[in-house]
Amino acid sequence: MNFDYTDKVRGLQEKLQAFMDEHIYPNETAIIEEIRSLGPYKVSPKLEELKVLGRESGLWNLFLPESEHGAGLTNLEYAPLCEIMGRVAFAPEVFNCSAPDTGNMEVLARYGTDEQKKTWLEPLLEGKTRSCFAMTEPAVASSDATNIQSSITRDGDEYVINGHKWFSSGATDPRCALFIFMGKTDPNNPDRHKQQSMIIVPRDAEGVEIVRPLPVFGYDTLDRVTEVKFNNVRVPAGNMLLGEGRGFEIAQGRLGPGRIHHCMRLIGLAERMLGQMCQRTQQRVTFGQPVSTQTVTLERIAESRIAIEQARLLTLKAAYMMDTVGNKVAKAEIAMIKIAAPNMACKVIDWVMQSHGGAGVINDHGIAAAYAVARFLRIADGPDEVHRNQLGRLELKKHPVTSP
Amino acid sequence: MNFDYTDKVRGLQEKLQAFMDEHIYPNETAIIEEIRSLGPYKVSPKLEELKVLGRESGLWNLFLPESEHGAGLTNLEYAPLCEIMGRVAFAPEVFNCSAPDTGNMEVLARYGTDEQKKTWLEPLLEGKTRSCFAMTEPAVASSDATNIQSSITRDGDEYVINGHKWFSSGATDPRCALFIFMGKTDPNNPDRHKQQSMIIVPRDAEGVEIVRPLPVFGYDTLDRVTEVKFNNVRVPAGNMLLGEGRGFEIAQGRLGPGRIHHCMRLIGLAERMLGQMCQRTQQRVTFGQPVSTQTVTLERIAESRIAIEQARLLTLKAAYMMDTVGNKVAKAEIAMIKIAAPNMACKVIDWVMQSHGGAGVINDHGIAAAYAVARFLRIADGPDEVHRNQLGRLELKKHPVTSP
Amino acid sequence: MNFDYTDKVRGLQEKLQAFMDEHIYPNETAIIEEIRSLGPYKVSPKLEELKVLGRESGLWNLFLPESEHGAGLTNLEYAPLCEIMGRVAFAPEVFNCSAPDTGNMEVLARYGTDEQKKTWLEPLLEGKTRSCFAMTEPAVASSDATNIQSSITRDGDEYVINGHKWFSSGATDPRCALFIFMGKTDPNNPDRHKQQSMIIVPRDAEGVEIVRPLPVFGYDTLDRVTEVKFNNVRVPAGNMLLGEGRGFEIAQGRLGPGRIHHCMRLIGLAERMLGQMCQRTQQRVTFGQPVSTQTVTLERIAESRIAIEQARLLTLKAAYMMDTVGNKVAKAEIAMIKIAAPNMACKVIDWVMQSHGGAGVINDHGIAAAYAVARFLRIADGPDEVHRNQLGRLELKKHPVTSP
Amino acid sequence: MNFDYTDKVRGLQEKLQAFMDEHIYPNETAIIEEIRSLGPYKVSPKLEELKVLGRESGLWNLFLPESEHGAGLTNLEYAPLCEIMGRVAFAPEVFNCSAPDTGNMEVLARYGTDEQKKTWLEPLLEGKTRSCFAMTEPAVASSDATNIQSSITRDGDEYVINGHKWFSSGATDPRCALFIFMGKTDPNNPDRHKQQSMIIVPRDAEGVEIVRPLPVFGYDTLDRVTEVKFNNVRVPAGNMLLGEGRGFEIAQGRLGPGRIHHCMRLIGLAERMLGQMCQRTQQRVTFGQPVSTQTVTLERIAESRIAIEQARLLTLKAAYMMDTVGNKVAKAEIAMIKIAAPNMACKVIDWVMQSHGGAGVINDHGIAAAYAVARFLRIADGPDEVHRNQLGRLELKKHPVTSP
């Protein structure tokens, strides 16, 4: 047992921090403003410029473990880097490490055929294209994957796809080349986890209808969550991933790393926010004293520090287990951080907001948008409640009783 | 002691409810959409039409107690009506009962000269104009009124006004005719609560600069909170309210009713949201059962019900005390509801949001915007912490000790 | 609607307060000490002396509404008096207003035959005897009354009673004359709420076995909760209350007033504790300042004040509804206070404990024992969870949906 | 970074677990009962028997890092073993690893003279004697060490000691040989942290007056916290530890390891309690279903699992830092676990208590006593608030601002 980062990680942290200091922070306000003014269907040219630097920086594609395609980092090595990127909303994209591309690339790298890799993965790895993940549906509680109503129907050499999706991350991006789409190929299969499949749908296929971007708490998130309809979309049979009926299996595999990335970014975000609370409360004076001298302020700063440290350690442990015993064995740990990190971030950011008074709720320091991200992540990939139920059942299994 | 509404109140509740059912709810979506598409500097024509009906309804100006100008209701009688209006964001305006006009009209009715009343109050009472309240400043913690930096300087027959304000409610409204502006006339007065004055500033006075509307969590609230600069604005000396040095006193008087109105509206809003949670959780099925059958759902519904009931009773009691012993004696009760109601609403609405999954955070059912309102009201009129400190000190005074 | 106590109530409050000041507080420490040293099976002679005074005081049997036997107070009138008694653990007994006697007397007054009243109720009303309520069983989750396993079997002119009970309040008291015992007369009745009956069991009947007193958190509470076995206990058939199969009905009727009394006492207890926190934090100095000047202290005092006020108002409203529309219609309100008051008291007392440092946890100021009472009442009469489920379902019924 | 225990630790865990399974658990009920029936001033013979086995087991004195006296384990190696011992209240004593002896032995090993070690440390290491730590005083807020009022006055070759202490752990133990006593030798020293000294006081010195044991929530804890008066107690000058004025310094050094041990034991205790909740909720049926199937139960189990995991990781990290960078540099981490672990344990145990209904509050499964331990540890070694203030200030220092 050892709680120090390795020299390799420390070296990358320094390099990444230097890049952030030189290129990201000085341009943060301008890029956020450009993104906002361009609206959801456009790409920020300033961000594209940074991405060129990112690609040349040696900090590109750090996210992909156990693969010849990425930088060769383990989840545990990537985690502290992901955290640094998470401090600025658009930073992950600069290093080709942003959702949903990371998860989609991981799916393609793990489960794609050679042809699928060549056509869809390579441009993504190079940052030339982007991608969308289309799973959640507005009409049903999608955290129960068996509820999914979209259909994928074989018709000769093609599949015909129909469905209504939302929270499909990435769909409004003009660079988006493909959807990874989940639907049912076999809705009557008695094994309810064999009904679903995942398939690649080209972004420009006929019948794909972008309904609307979905601002979260009024903010166009950089995840670009979108409502999309698929109306009799036809794709070649070769676009099927892994095989019919294996969609649930892929989803399980995909969501682990995706969740851990979200958590690490949230930890970085919470750290940044905590720093802002420390600054603000030292600068603001009420009734003759800086707000930072009030014990209620000190308590919140202390509780924030504790909550962040605990969430970070748990996330690092989950990453370590994914590397050493695999995503499946680590499922309890992944569920734990999926629950713990967004709740921690909501709590911390809410305190930071309160410490900023009116400035907090109008997003003048990025606090309201940060809260929106954290709050959304209590729902994305399944609400807390679903994960707590799963985790509770795993715990019960450790304590079998003979009779109720 | 008696917990039933009087027949008079019940009659008005029925009348108001009937109006809501006939005119407000059927037009809610269309008006919200119109307000959004017109943007912050415009007035919704559809809403103006409803306002004509509101004025004819006998439900106009219900808010003004102890005055010949209003409907003659006490705070206790108005409270349950205010709650019904609070269920729909724009409904109070239909009955000329929206912030900041109600507080401003109360100030003018209580403290205004006859001429001030004629010029500024009468058109407000008729709903022909609207008004703005300009107290909070971005540069200082304004919950400590002694921090205020704006200046009101006598110069012959005029006052010269300089200051930078924000969260000035109402300033973007084209119908806005006046600001009630707080600044210091006597910044060196050793009695720090005699330094401030309030003065009427015409909306179209030279030097008034509307900087920007301030969307709360990305939503343009109907309070139209705004950032405004006052650059050497000159107003006649007769615009001074009550007299130099009495600004703090007016603020204390003004904020009581304003707070109670906010609380009642929040209670109505929380009730509506709770109803949506009950509907939604009965309609959504996960893992074979409606979400409403899960005990975690039942617990949240039950806790919401308890929290709403308690906040309502406390608010009604505060209103009763304002009517019977006056705003000053009721200050502890006013502080209590100022703290309790927004926190209650945040808690309830957050659960409602969680129960709606993704739909909750993108405001498809008004939940995210409702949360924004409730969260903002934990800060507006002073953050929770300031009120808790005041309340704590009042409690300590009940328990004197001889020596520390 | 009116939030003032009536003159009648205020008169009784003053009278009761005067009695408390003259007789109860000066003897509090000595009586608590006597009770502790005598142990659970004895009666405090000092307390018996006070009870004589209590009987002569005109403050006797204040609890019994709608009955010729009591003082003729409504629940609403009794509530604020019950609160004053609740500030001192043994005070209710001085006025013959202590659990479980009040609930048992109410059952006998409502449902007893004339003979049952003469034999059992009259001595109780005079304070000559005490009584026990035997419902909860160790082997099953007794909050689901259909789980109850005790049997009441008719055998000629007698009933034969078998069962294992605990948390049977009052059984160790040597003055205890009777049990009101719940068991099943008809365990196979398809209507599961008709299986149970309640019957009077004389305390000295053969086969009654006092197993042990049950100290709560190590404290012998004045409720004297006890484990009791009933081994083939035979009682006359005339001891049946109301009729076979009506036990559930009686329980429902009994628990309403009992719950409201517990809540009022807890509110009084929480008030007293809050006063101690105010005293203590003003007297203790850390790092150069009284603890009361820390904002974290002020926040806790303020939140305690709010929580107590809200719980009191809700309890008073529940009492008002019991008086005006009956216990059955008021079931939601009764459930609400059953949940809210003990949780409020636990929260407040825990803060008070923390403010007293080590002295808090060793019960030097009665704080640990107060916590034990409040914590126990989250479980007594059914745990929070059962009441929240019931309350949640009542709320759902207000919002019917056509299809899930 | 590595989250696996080393082989060495795993070996010791297995050995310790085997000892627990063979000797501790089978005797747990009997020993707890013996301790209770003997009362606070006696030693359990059954426990003494186990201690003989413990001494022979190779699991003796595992706690003492960086010393030739102990087993040579680091804090990080000891932590997971301490956790296993913590599952049973008396188990640490079996291995000579119980408070306050561990802390006292560490003080003597670090700061004692050779003679002090020979006289006092050696018998303690052998488990022949026990010891007491006398720091906290009833009259002042002792978490601010500068408040301490006890005096240590030089008089020739002796020191004269006067003071009133409580929460002096261990004083009622008949085997107790010494107090480590904190008092002021130089109460007027302008450096307020140089006023205090620590000195060894023999248990049988004249003037030592055991006032009373202090049951926590009614339970005689195995820490044997006691109220003690020191009336003109005279001890040889050679009993001074480290030198006059160095008491604060010793206290800082002593409390780090003591705190971490408390935390590890609490984590073990919380784990055990969680297991009981899993068992109980699977066995209890309400309304036709095991309580474990309710989502509210699953949520609590899940949150407990997360909270325990996070507290454990933070404690292990603190231990790692104590080993690698020293107690002083690790002060933030030590403060964090001092806050986090008892609060976590209180939360978990409270849920476990609730899940057990009445059985929980009467300590039938050790739950109430477990709660008492956890609740006490939120106060022992300084209340949460003091540590949060310290931690908050450390955080603020990371974010210097130029002007307030």
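Each chain carries a letter (A, B, C and D) given by its place in the written order, and its residues are counted from 1.
The rule is short, and it goes like this: a contact is a pair of C-beta atoms (placed from the backbone, for glycine too) under 8 Å apart; a residue touches a chain by one contact, two chains touch by 3 or more.
Quantities reported herein were computed from a predicted structural model and do not represent experimental measurements.
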A-B or A-D, whichever has more C-beta pairs in contact: A-D
Furthest chain, CA centroid comparison against chain A: C
Between chain A and chain B, centroid-to-centroid distance (C-alpha), Å: 38
Mean-CA-position distance for chain D and chain B (Å): 52
Whole-Å separation of chain centres (CA-atom averages), chain A against chain D: 42
Where chain A touches two or more other chains at once, by residue number: 285, 294-297, 299, 385
Contact footprint of chain B on chain D as seen in their complex: 294-297, 299
Of all residues in chain C, those that touch chain B in their complex: 1-6, 9, 76, 274-275, 278-279, 281-285, 290, 292, 295, 297-306, 309-311, 313-314, 316-317, 320-321, 324, 332-333, 335-336, 339-340, 385, 387-393, 395-396, 398-399, 401, 403-404
Complex contacts: residues of chain B adjacent to chain A: 136, 138, 140-144, 147, 166-167, 214-219, 225, 284-287, 291, 294, 296, 353-354, 357-363, 368-369, 371-372, 375-376, 378-380, 383-386
